[in-house]
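In the two assemblies presented below, subunit A is common to both, partnered first by subunit B and then by subunit C.
On to the complex of A and B.
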């Protein structure tokens, strides 16, 4: 396994009382994304545990794109990954934000 | 219509119970993850593959659990098992209308062998203790991974089982049987064989499943509501009667080689047509013929 962490700055803070959201499943080619409010001094922090080693640059590219789409601050995103492709990761991240901000189930 | 089979455990919980009523205990944000998987350098899930909580069903309070087959086949590890046991013990204090188990599991998580085995045995004991205090435990089984191994035993210790045709229930799963007894004994890739042996229709015909429904979350919901007033009966008379029923069953069907032969022996006309029928037509076709 490999642990990766990223931080993004310059987003808009989300309401600290928002309920955490979880999407996806820790299964082959899939991942789970947990997103929750956190006092991070304006950062959006992403922590990844992945079964596939050596894809740090790919994760960074996917997350750079994600942060361009969703400029969030004071948010913690935690990911457990079992080798999901970049497209699946991007879709799951979007789904997580939609559930988190939409307050849906 | 919303497929139960295709939905994740979380989606099932939110769609099956009264809208907005589900409240999770030990949610993913608490990060109560498996201590064993990390040591094995294997990704863990924030909920350890089972979601537990309370909800209302048709306005009545229930405690509920849903296993996520997508995470390690829904297998029971130490944390996963402890969450289920905790839920069942909580029910002994709170006395909800019922406990509903949305099972989807291959049984014990072999990565956590002993802890998982102990977990399953504790679940069994907790189910029986709860039932003996008058709270019914109802199983819903219609997920992609079925219900096997220790969870298959747990399911049969409960008061009632609701299945779809897609649901499967058994002790050793098809692949385990093939691996240990050979492909001549059981071809796990023969889907028709698998479903007519461990699928919902056969389990309903044998009297193991109490209800068979279409693969639709609202159909599972309706069947669960219908079973809320089940009265657990762990009396010696009830257990003796069940043993006699099972004894008679093996005497009657023990020598038969295929589910089709059993359906024939039950008096079902054109048993080869049963796998093609939708739930309603199936129920009508086998009315009064179940073992």
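On to the complex of A and C.
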């Protein structure tokens, strides 16, 4: 397992009372994404636990694009990855954000 | 005086050596126990031999008999066969019975084939496309002896192939009419056949094999394994390519990517109002995944290369769609369906393992000589085509816009890949593994499945690249990088140029196509399991045991 962390700044804070959203499954080639409000001084923090070592640069590229699409602040994203491809990661992240922001305040 | 009849006299000599083995009854039936003796009697060292290995149906009994021959008596055979599927197909080389090989596809035996080539136990003449190999059967690779496979024979040697006709007609035609010898293994010998697929006059010997021949269910894809990414890509294919080009005559490759498209026709394509406007005529094996689309009324006709295990009763009940004989079962024909797919279809769409910066696509990997399936004939522009259709004309217009060229159409050739395969192997590469394989196996050329100049579109989860609209090599390279996702090739894109290509509609993202990513779930599939397919068929589809989990 490898643990990776990233932080992004410059997003818009989300309502701290929003309910967390959880999408995906912990299964081979898949991943679980938990997204929740957190007091992070305006940061969007991403913590990844991945079964595939050595893909830090790929994660950074996927998350850079994700943050360009969704400028979030004061949000914590926890990812439990079992070797998902970047395509699956990007789709799950988008789904998680949709659930998170689309859900009730 | 030159003797103009050496081949026929040689044939007579071979038949005479085998005469004692054939039973009195018509003189064609040979006991299974005498199979080895028969082969030894009719074969001569150095013979060109076609051992019928198809995609599906296998002359497995004769393959075993051939592999077990004494190499001191029979050796240096030159095997000319489309598919190496069984271990025996490689055993004949390992045991020294054969030494030379011309073929098309070797999927399951690709690793062993590569090993024997590097050990100099197999000399490969060439890796062919199917039509190319069949063509050479009539030019310079005519078999001296062919070992074929059928469902049944009658006493006169007439053969009934049933739905898996496949390569048998082309093999027998080439052999029988050039003074060769045709030996058939059959599952049963009947007094009268349901229909005659091969006339008895073209067949010299018939052996009833102790067990029915093996058939591989090569084209069955369990919908349960289709991913959401594949659903998303299938949506892009339907909306961005099928609808826009009005694709009505097509071939699908093998795999989950195209199975997803088949399963989205009755749902997503229907919701877009595309029924009757796309996907009406197919050159395709009877894919179980096509059942829901057939039942929904999308499909008017299907001609097949071979059949598919478990689809027999369903096909029999849908003769308006499939090509069937008076007995009710399907007649397939690989050579004719390959010709149909090449000349009469407007589109080929299929997956691959690697695509380079010029759009060349290859399934070759180091240590495996796998050859090609049907993709090269399906997935290449038919330069000999002259009839028009909306899809063909539009593709031709796009390729020629702004250039002073005489109008002509072009086939749509779509490569559909996720940017990363399993184990994070990138599908986009700077240099195909095929180059290294060619060097290690001493090939004349890197084995390219589909040449970049024939590829019109590349579809990934990131979007569709329309290569027809590219005007320079640089644009083409950036269009490919622009859909290559987070692979090193994709990350190496010139972002400004890719945005420019997107503005010009050369690259289109799901949102540019109006594809709603939220719909990209497995709920959109018309069948989500093999059991769903059985249900859609009204219980007529009878899947092989390995696909049943209920």
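Following the convention adopted for this analysis, the second predicted complex is superposed on the first by the 103 of 105 C-alpha atoms of A that agree within 3 Å, B and C clash if a C-alpha of one lies under 4 Å from a C-alpha of the other, contacts with A are read in each partner's own complex, and residues count from 1 in each chain.
Everything below uses one rule, namely that a residue touches a chain if its C-beta (ideal position, glycine included) is under 8 Å from a C-beta of that chain, and two chains touch if they have at least 3 such contacts.
From a predicted model like this one, the values you see are computed outputs, not experimental measurements.
In the superposed pair of complexes, A:29 makes contact with subunit C only, with no contact to subunit B. By the document's definition of touching, of the two partners only subunit C reaches A:87; subunit B does not.
Once chain A of one complex is fitted onto chain A of the other, the partner contacts of A:98 are limited to subunit C, with no touch recorded for subunit B. In the superposition on chain A, A:1 contacts subunit B only, with no contact to subunit C. Using the contact criterion defined above for the overlaid structures, shared-chain residue A:58 touches subunit C, although it does not reach subunit B.
Once the two complexes are laid over each other on the shared chain, residue contacts for A:42 go to neither subunit B nor subunit C. Looking at the shared chain after the overlay, A:20 reaches subunit B, while subunit C stays out of its contact range.
In the superposition on chain A, A:11 makes contact with neither subunit B nor subunit C. On the subunit A side of its complex with subunit B, the touching residues are 1, 20, 22, 25-27, 30, 32, 34, 36, 49-51, 78, 80-82, 105.
By the touch rule above, subunit A contacts subunit C in their complex via residues 29, 52, 55, 58, 61-62, 83, 85-88, 90-91, 94-95, 98. The touching residues of subunit C, counted against subunit A in their complex, run 227-229, 232, 418-420, 422-424, 460-462, 485-486, 491, 517-518, 520. Within the complex, the subunit B residues that touch subunit A are 8, 10-11, 14, 22, 27-29, 31, 41-47, 49, 68, 70-72.
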